[in-house]
Each structure stands twice: as structure tokens, then as C-alpha cells.
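The same subunit A turns up in both complexes below, where it pairs with subunit B and then with subunit C.
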Partner chain A sequence: MRRSMLFLPGNNPNMIINGDVLGSDSVILDLEDAVSPAEKDAARILVRNTLKYLKFENCEIIVRINSIDTEYWKDDLDEIVPLKPDLIMPTKVSCADDIRTIDAYMSEIEKKHGMENNTVHLIPLIETAMGVENAFEIAKSTDRVVAMFLGGEDLTADLHCKRTKVGNEISYARSRMVSAARAAGIDVYDTPFTDVNDDEGIRVDCELAKSLGFTGKASISPRHVSVINEVFSPSHKDVDYAYEVFEAIKTAKELGKGAIALHGKMIDKPIVERARQVISMYEEIVRRNGGLD
Partner chain B sequence: MNKVVNSIREAIKLAGLKDGMTISFHHHLRNGDYVLNMVMAEIADMGIKDLTVNASSLFDIHAPLLDHIKNKVVTKLLTDYMSAGIGHSISMGIMDTPVEFRSHGGRPADIELGRTPIDVAFIAAPTSDTMGNCTGKYGKSACGSLGYAFPDAMNAKKVVVITDNLVDYPLIDYSIPEIYIDYVVKVDEIGNPAGIVSGTTKITRDPVGLAMAQMAAKVIKSSGLLKDGFSFQTGAGGATLAAAKFLKEIMIKENIKGSYGLGGITGYMVDMLNEGCFEALLDVQCFDLKAVESIRTNPKHQEVSATHYAGPNAKSAAVDSLDVVLLGATEIDTDFNVNVNTDSNGYIMGGSGGHSDTAAGAKLAMIIAPLSRSRLPIVTDRVNCISTPGRTIDVLVTQKGVAVNPANKELKQRLVDAAIPVKDIHELKAIAESITGVPQKLKKGDKEVAKVIYRDGTLLDTIYNVPVM
Partner chain C sequence: MNKIISSASAGTLESSDVYIEVEPSENNEVSVESVVLKQFGDSIVKTAESVLDELDIKNAKVHIIDKGALDCVIRARLETALRRAEKENK
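Moving on to the complex of A and B:
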């Protein structure tokens, strides 16, 4: 279950050691924008040691690496890949070849360390106009890509427009990303909402992203995590309906019926699959928190 | 009859203060208090020596007391709390006789039972009339409740009220009545309002503190105690206050009507009263302006004496009916003993206050503490000083999980059922040490600098000097 992804600076040990207690399903340990050039090596060592020595409970670790047009990306991968983070997030990905370049280098590292090929997966960060236009090719570029993430801040700079709370300027990119990811059969994550003190704004932005089809959303503040988790969790009504779907299937089987209807609507394959996802997510939420809030 | 005298010096003379006697002070003016320093300066100037000072708490503003100790004006200290500035000097071994720490309940009990008699009590009163009817609710130095001053006023041989707001007789809305007061002194200022109460008490914005606070609120919700009639106390600092915020949200959402909030009162507890979470607040000390305003204007916000708050000798005290208390810790050990007297280097930097009283009285006594501070683990094999015995602590809430005292099996099961991450306290210690490493054992000196006396009069622990390296 990955509804929320919380950015933590890769050079802040106090935040990192408590990364798994902030409520987020994943933390993104950042080696890129949050870390100044002078601190890159220190952050890399800290993140490496975090992966090596800390055991996070109920929280994935994603590492955001520097883009391939910098001198840091290979060093980042050299240190991080052998420790098998849940995901690596390459940045400023503009085309499928960017991912293939990273994929090839990761395969070399995996081989060198006796790891199976494709052990470590990718969640590319799409934050350029070119990246948005190539989103489907990026999503399909290698088997390592299991999700994509839209970065609205850099994208609007590339689009020569202003980033706003309403987000009309990224509405095309959002829809295109969702469509590309879903066509490729992978998850897709929305850009962070950057006003840390706007509790209503984050909720509206989450609900918009969910309505467009995003799997979840990233955050730059722990304050936003609970709202993201809440919006991207199934509702009580969703859960009840999902159990009803399986109850109806069971009853139909007992009665030897082929076609199954629930509340006057036919239950088809997508409904069953959706019900399965809802129940799976609900059971994980119960395991972690005891139930829905 | 005229109780008003011209100066503190005259009051001291009239009270008959002599070498070897005991004087007392209360701490509602906290780090803004001028009274203790004014009185001690006068006493030193008069050449009186070898005094015992019984102060309900000592703050860094009282640093001039250290000179009076060095000059043998003061040779013994009794207190419930000592802030780090004073505590550091005491830990260096500047006194020949160890300081005696008591709790906010133990102090009045020992005064009332004659174990620690007071010769002259000095009451800092933000408002008093000419016969000594006095209160903390009014005046430029208003501090709200005068709860800790009651046992001093009621039991000392002589009682001097010192005020900067002398009003005509009779003051109607008094806290301490004239029947206990011998002398009244008017001074220009009894304290600095900025140090007496905070403008507002704010909850932490630290995400780890907030995570612990949310977990604490969830523990309370799952304990079975959060229902109509619920009673509650929390501290004014860090995560404990944030937990009150989350608790309030649960109580409002689930329409739970509590009975009373207790203790040192903050604006957050006032909000809970005003929003219907409690029927009443019982207040021994106000922490911020909102609490002062509330105790002055809201009849449901009631001042209580230290004895009524926590006295173990009382026929009953408010702590005895308490459901839940949220407390902090500088250290906690694997037997759940808690240290709030010394820091990790062994220096005195606090004291029990009401910690051990509320832990003993409450049905659920919770400690909230991060697993490590400044690269040192908070869970240890044995705390450097036992301030509150582990047998009275039920739960430790940290950011990495919750430990339940093995004596409380039913609670443990309730928390497990609520999917709260319950861990053995030894496991929490291991997690802390996996991050910080195992610290070197603290080197103690061989001079006793303080004794920690439990509310039943027994010795809990002894604090030794910190050797100069």
C-alpha cells in the first residue's frame, strides 16, 4: 500500500531516523534538490547507512537520486543500489533512453554485487514538458519502472508559467501522466502541495488528484500526510460495497447463476478487481491502524 | 489593628526571624518572581544565618540564592523542583547538607504533619487587602491560582504577604483569607509579568512530537477510560500538550463529556472546558494568560490548594480520582522508573513537581518521551535518579512504539486489539541503542547533594555530585 510519499532531506539525520513514524506509507530520502553540492557525499553516506542499519516498520524507503546530466548520479547508484531500497527515483526523466541508461548501469551494479537483475525498481520523476509528452514510453521503457511521479514545480518552470494552488497549468500533465501510467499498467503519483499551512488546500488538491486517477500523492511536509492517507484510502462505503461484491459472487455460485447483479448493476471483471483492491487496502489499514479513521 | 508594615525588613523583624529558622516561598510567579530574592537580600543584610529555605520550586531567576548559600545565610534547601541553572551549582556540591526534594503533594503533607515546620512564610500576592485577604487573580502581576501557598499560609508560625497591589479592606474574591496572615508589605513590583505566565502556550510543531502525541491520544482512546465522566491531567510542554489537542478532537467527535481537568492549567485545558470536554477545571497553578483570565471569570474553573491537588495525607485529593495523566521524562528504565530530577550527565535540572503524585493517583499514568535526545538513549537499564517509581507508571509512549508495564496485562491487550504498536520496553531500549550506541556509564561523585523523598516519606533515591573532569 503506497498512498503517501514524504520527502525527507538526505542530510538530516534527526528526520531520517524517525522517518517511519510520520505516518507516511513511503519516505523519499532526497539526494537531489534538498542537498547542496557540498553536502552530496555526506548525504549519500547517511542514506546508505540508513538503508544498512535502520529497520523501518510499515514504511517503504525510496531514494531520490541526482539526474543523469549531473556528475552525481552514478555515485548515488553505486552506494544505494546494493542496499536494495524499495524504489529509486531518477529525476528530470525526459525520455525512455534516460531510463534505459540508468537501467543499464543498475544492471552492472546488481551483477557486481551478485544481485538478481531488476532487483531494484524505479519510480521516474517526470518534471519536464518533454517528459510529460514521453510519459507512456518512459513507463514502458523497462520492467524496473513500477510507478511514475509528476513533479509540478520544475514542470511549470519548463512550461514558462506560474505554479498556482488551483493547478490549471498542470491539468494537462496530470491527465496525460495518469493515462500513460494506467495504459502501461503502473501506479502514478501526484505532485506535492507546497503550502504547508493550508490544511483545506491540501485536502482539495488530494481530492482532485484522486478524482483524476492518481494512486497517491507526495508531500514535502509531515503535516500533509494524514490528509493524503485519508483521501486515498477507501471509505467505509467503498469497503462495505467491496465485501458485498464478493458476497454476491458467493451467493450466485451457490445458486449456480452465471450473471451476477448487485443493487441492479451487473458485476463485471473491473468491479471485481476494484473490490479486491479495496479489501486488500482496507485489511492493510486495519493491520497498521486498527481501522479507518 | 494594622497589619500593613513599611518594609520587608520590618516584617522580618516583627516575625522574629532568627538564625537556624525555616522560611518558605511558593512559586506561582515562576521565572518572573522577585519576592524570594528581595526577602533573601534583606535577610542577608540583617546578618541572619543558617536558614532552611523551603520553596515549592526554584527557578533560574533565583540564582542570587547561590551566593546566600556560599555565605551560609542558607544552609539547607527543601524544594519540589529546581531549574537547571540552580541545579548545576547544587550538583557541583556547594552545600554541606543535601537538598531535600519532595513532590507537590509530599511537601504540604510534611508541612501539615509537622515534619518540616515553617517559622516564617512569605506569600507573593498579586493582590491583597490591608488585612491580608489575598489572591493571584487580579493585579499587574496576576498569576491566577495560589494553590501551593495555602499549606504555607495555614501552617507557618508567622505569615507575611508581599504585594504590589494593595487594595482596601475587604477583598471579596480572595484565595487565602486574613485569618492566617500576620503582616502585609506593599512593594513596587513582586515580579516580571513576562516571566510569570506565558502570553500563550503553544503546542509543538515538531513532527516526531506530534506523532507521539497522536499515539498517546490513541492509547487513551483505547484504554477504556475515555467515556463520560473522564478526568485528565497533562503537562504544559512539548508532546504532552499536543496530546491534549488530539484528545480534545476525539472527545468532541465522540461527544464525550468529561468531569474535570486537573493540575497546572494551560489555555488548551481552558479550551477543553469551554468546548464542553470537562465540567470543571481544578487549578493549582496557571501557566498562561488564558488560564489566568479563565480562573478569574469562569466559576467552573476552580482554584485548589496543593493539599487538595495531591496531598497523600488528605482524606482525599484530586489526583486520587484522576483517570489519566500524561507526563514527561528525562529517562525511563526497563522497570518503568522515571527520572525527572537530573539530566543524562547527572546534573540536577528539574524535580518531581506533581509527577509522582499524579502517577500514584491516576488509573492510567503515561510517559511520553522520544527514544533518544541529543544522541543519548532515553530508555536505560537503570535511571540515574528515581523520581517516580516504576510500579506507578502504566505506559511509555515513544515515536517507535508503546511499552506497557507488565503488571497491567488488561491494558496491554486493549492496546494490541486497537493495533497500537506495543513493544516490550527492552525492545524499545534496543531500538534506541541501535541508533545511538550504548552510552558510557555515568561517573558519580561521592558527596550526597540531594535526596529524593517520596510522597509517603520514604527515600526514593540519592543524587551525588558531578565530579569535575
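Moving on to the complex of A and C:
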């Protein structure tokens, strides 16, 4: 279950070592924008050691690496991949070939370290107009890609427009990303809401993203994590309905009925699949937190 | 054996971090400043010596200013400083 992804600067030990207790489903240890060029080496070694010596039991680890048009990305992968983070987040991914290049290099590293091929997965960061247009091809480029993430800040710069709270300027990109990811059968994550002090704004932005079909949302502030988790969790009503669906299926089977209705509505395959997803997420939330808030 | 050939530093003086300076020397020498020197001074020195061993460096004078860093952070900062010191200063 990955609803929230919290960015933590890769060269800041004070934040990284607390990453496990901030409530986020994933933390993104950032080697890219949060780290100055002079400190890339330090951050890379710090993140590597963090993965080597610290246990993160309450969250998944994602490492954001520098883009393939920089001199850093291979060094990033050399240090990080052998420590088996859950995901690598390549940046400024604009086409499937970008991912294939990264995939091939990761395979070399995995082979060199006696790891099974495809041990470490990818969540490409799509933050260019070209990337948005190629989203489906990127999603389908290799088996390593298990999710995609939309980066609104760099995207709006590339689109020559201003980033706003309402986000009309990225509405096409959001829909296109969701459609591409869902067509490819992978998860998709929305861009962070960058006003750390706007508690109402983050909720509205989360609800918009959820209504569009996003799986979850990234955050640049621990303050936003609880709202993201709440909005992207099923409601009590969703959970009750999901269990009712399976109860109705069971009853129909016992009675030998083919067609099943619940509250006057036919239960078809998409409803069953949705109910299955809701129950799976609910059970994971119960396992982690004891129940829904 | 690897050799350091210049002075270098890594880390910061922020909480949970450590600032480390290294310079070439005849032998390895490690000194520590820390608010928890009494409790953890020996452990910090041992960690530093272990990193020097792992990197096979025998000519580094290491000065550590600790701000409550975990062992893995001390290791990372020392490795960074030593790798920087293996190159000529620009």
C-alpha cells in the first residue's frame, strides 16, 4: 500500500534518520534537486549508508536519482542499487528509451552484485511535456516500471506557464498520466502540493487527485502526510460496502444464483475488483495502524 | 593501500550530523570533539578507525566534530572526506 510519498533531502541526516516515523507510506530520499552539485557525493554515500545500516520498518524506501543528462546518475545507481531500495525514481524521464537505458545499467549492477534481475523497481518521474506525451510508452517500457509520478513544478516550467494552486495548467497532464498508467496496469502518483501552510488547500488538491484516479500523492512536508493518507484511504462506508459485495457473492453462490444484485445494483467484475482493492487496503491499514481514522 | 593527498572535509555542524576534516599525515590519527565525548568518544574513534581500515588508508589525520550523529552518518561523512582527499584540491 502506497498512498503517500514524502520527500526527504538526501544530505540531511536529521531528516533521513527520522523518515520511518513520519507516517508516510514511502519516503523518497532525494539525491537530485535537494542536493547541491558540490554535495552529490556526500548525499550518495549518506543515503547508501542509511540503507545499509538503518531499518525502515514502517515505510517503503524510494531513492530519487539524478537525470540521465547529468554526470551523476550512474554513480547514484552504482551506490544505491546494491542496497536494494524498494524503488528508484529516475527524473526528467521523457521517453521509453530513457527508461531502457536506466534498466540496462541497473541490470549490469544487479548481475555484478549477484542480485536477481529486476530486483529493484522503478517509478519514473514525468516532468516534461515530452514525458507526458510519452507516458504510456514509458509505463510499458520495462517490467521494472511499477508506478509513475507526475512532477508539476518542472512540467509547468516546460509548458511555459505558471504553477497555480488550482492546477488548471496541469489538468491535461494529470488525466493523461492516469490514463496511461491505468492502461499499463501500474500505479500513478500526483505532484506535491507546495504550500506547506495551506491545510485546506492540500485536502482539496488530494481530493481532486483521487477523483481523477491517482493512487496517491507525493509531499514535500511531513505536515501533509496525514491528509494524503486519509484522503487516499477507503472510507468506512467503502469498506462496509466491499465486505457486503463479498457477502452477497457468497449468498448468491449458496442459492445457486448467477446474477447478483446489491442494493438494487448489479455486481459485475469491476465492482468485485474494486471491493477486493478496498479490502486489501483496509487490511493493510489495520495491520499498520489498528484501523481507519 | 590507498593514500590521501590533500586536505578535505565533509558534513555539517547541524544536529544529528558530524563535521569531519582530514589531512595527509605520517600515520592515522583520530581526534574527536563532541558533547557526548565521555559517553561515546571511544566508540566514535573506533568507528573512524574501522572506516580507515575498510578504505585501506594509513596516512590520514582525522578531526571529528560530532553533533550527535549516528554511526552510519559518521561512517558516511568520513568516507566522503577521505574520497575527496584522495583527489588533488581544485
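In the analysis below, the second predicted complex is superposed on the first by the 293 of 293 C-alpha atoms of A that agree within 3 Å, B and C clash if a C-alpha of one lies under 4 Å from a C-alpha of the other, contacts with A are read in each partner's own complex, and residues count from 1 in each chain.
Note that in this section a residue touches a chain if its C-beta (ideal position, glycine included) is under 8 Å from a C-beta of that chain, and two chains touch if they have at least 3 such contacts.
Keep in mind that what you see is a predicted model, and the values were worked out from it rather than measured.
> Have a look at where A:L54 lands relative to subunit B and subunit C in the superposition and call it first, second, both or neither.
both
> In the superposed arrangement, does A:P222 touch subunit B (first), subunit C (second), both or neither?
First partner only, subunit B.
> Which chain, subunit B or subunit C, is in touch with more residues of subunit A?
Counting residues of subunit A touched by each partner, the higher count goes to B.
> Look at A:H160 in the shared chain and tell me whether it touches subunit B only, subunit C only, both, or neither; answer first, second, both or neither.
neither
> Could you tell me if A:L46 is touching subunit B, subunit C, both of them or neither one (first, second, both, neither)?
second
> Quick one: is A:I17 in contact with subunit B, with subunit C, with both, or with neither? Answer first, second, both or neither.
both
> Do subunit B and subunit C touch any of the same residues on subunit A, and if so, which?
17, 53-54
> So in the complex, which bits of subunit A are touching subunit C?
Residue positions touching the partner: 12-14, 17, 41-42, 45-46, 48-50, 52-54.
> Tell me, which parts of subunit B touch subunit A in their complex?
Residues in contact with subunit A: 207-208, 210-212, 222, 399-400, 417-421, 434-435.
> Help me check something: in the complex, which residues belonging to subunit C touch subunit A?
Listed in rising order, the residues of subunit C that touch subunit A are 10-11, 14-17, 69-73, 75-77, 79-80, 83-84.
> Which of the residues in subunit A end up touching subunit B in this complex?
It is residues 15, 17-18, 20-23, 53-54, 57, 222-223, 286-291 of subunit A that touch subunit B.
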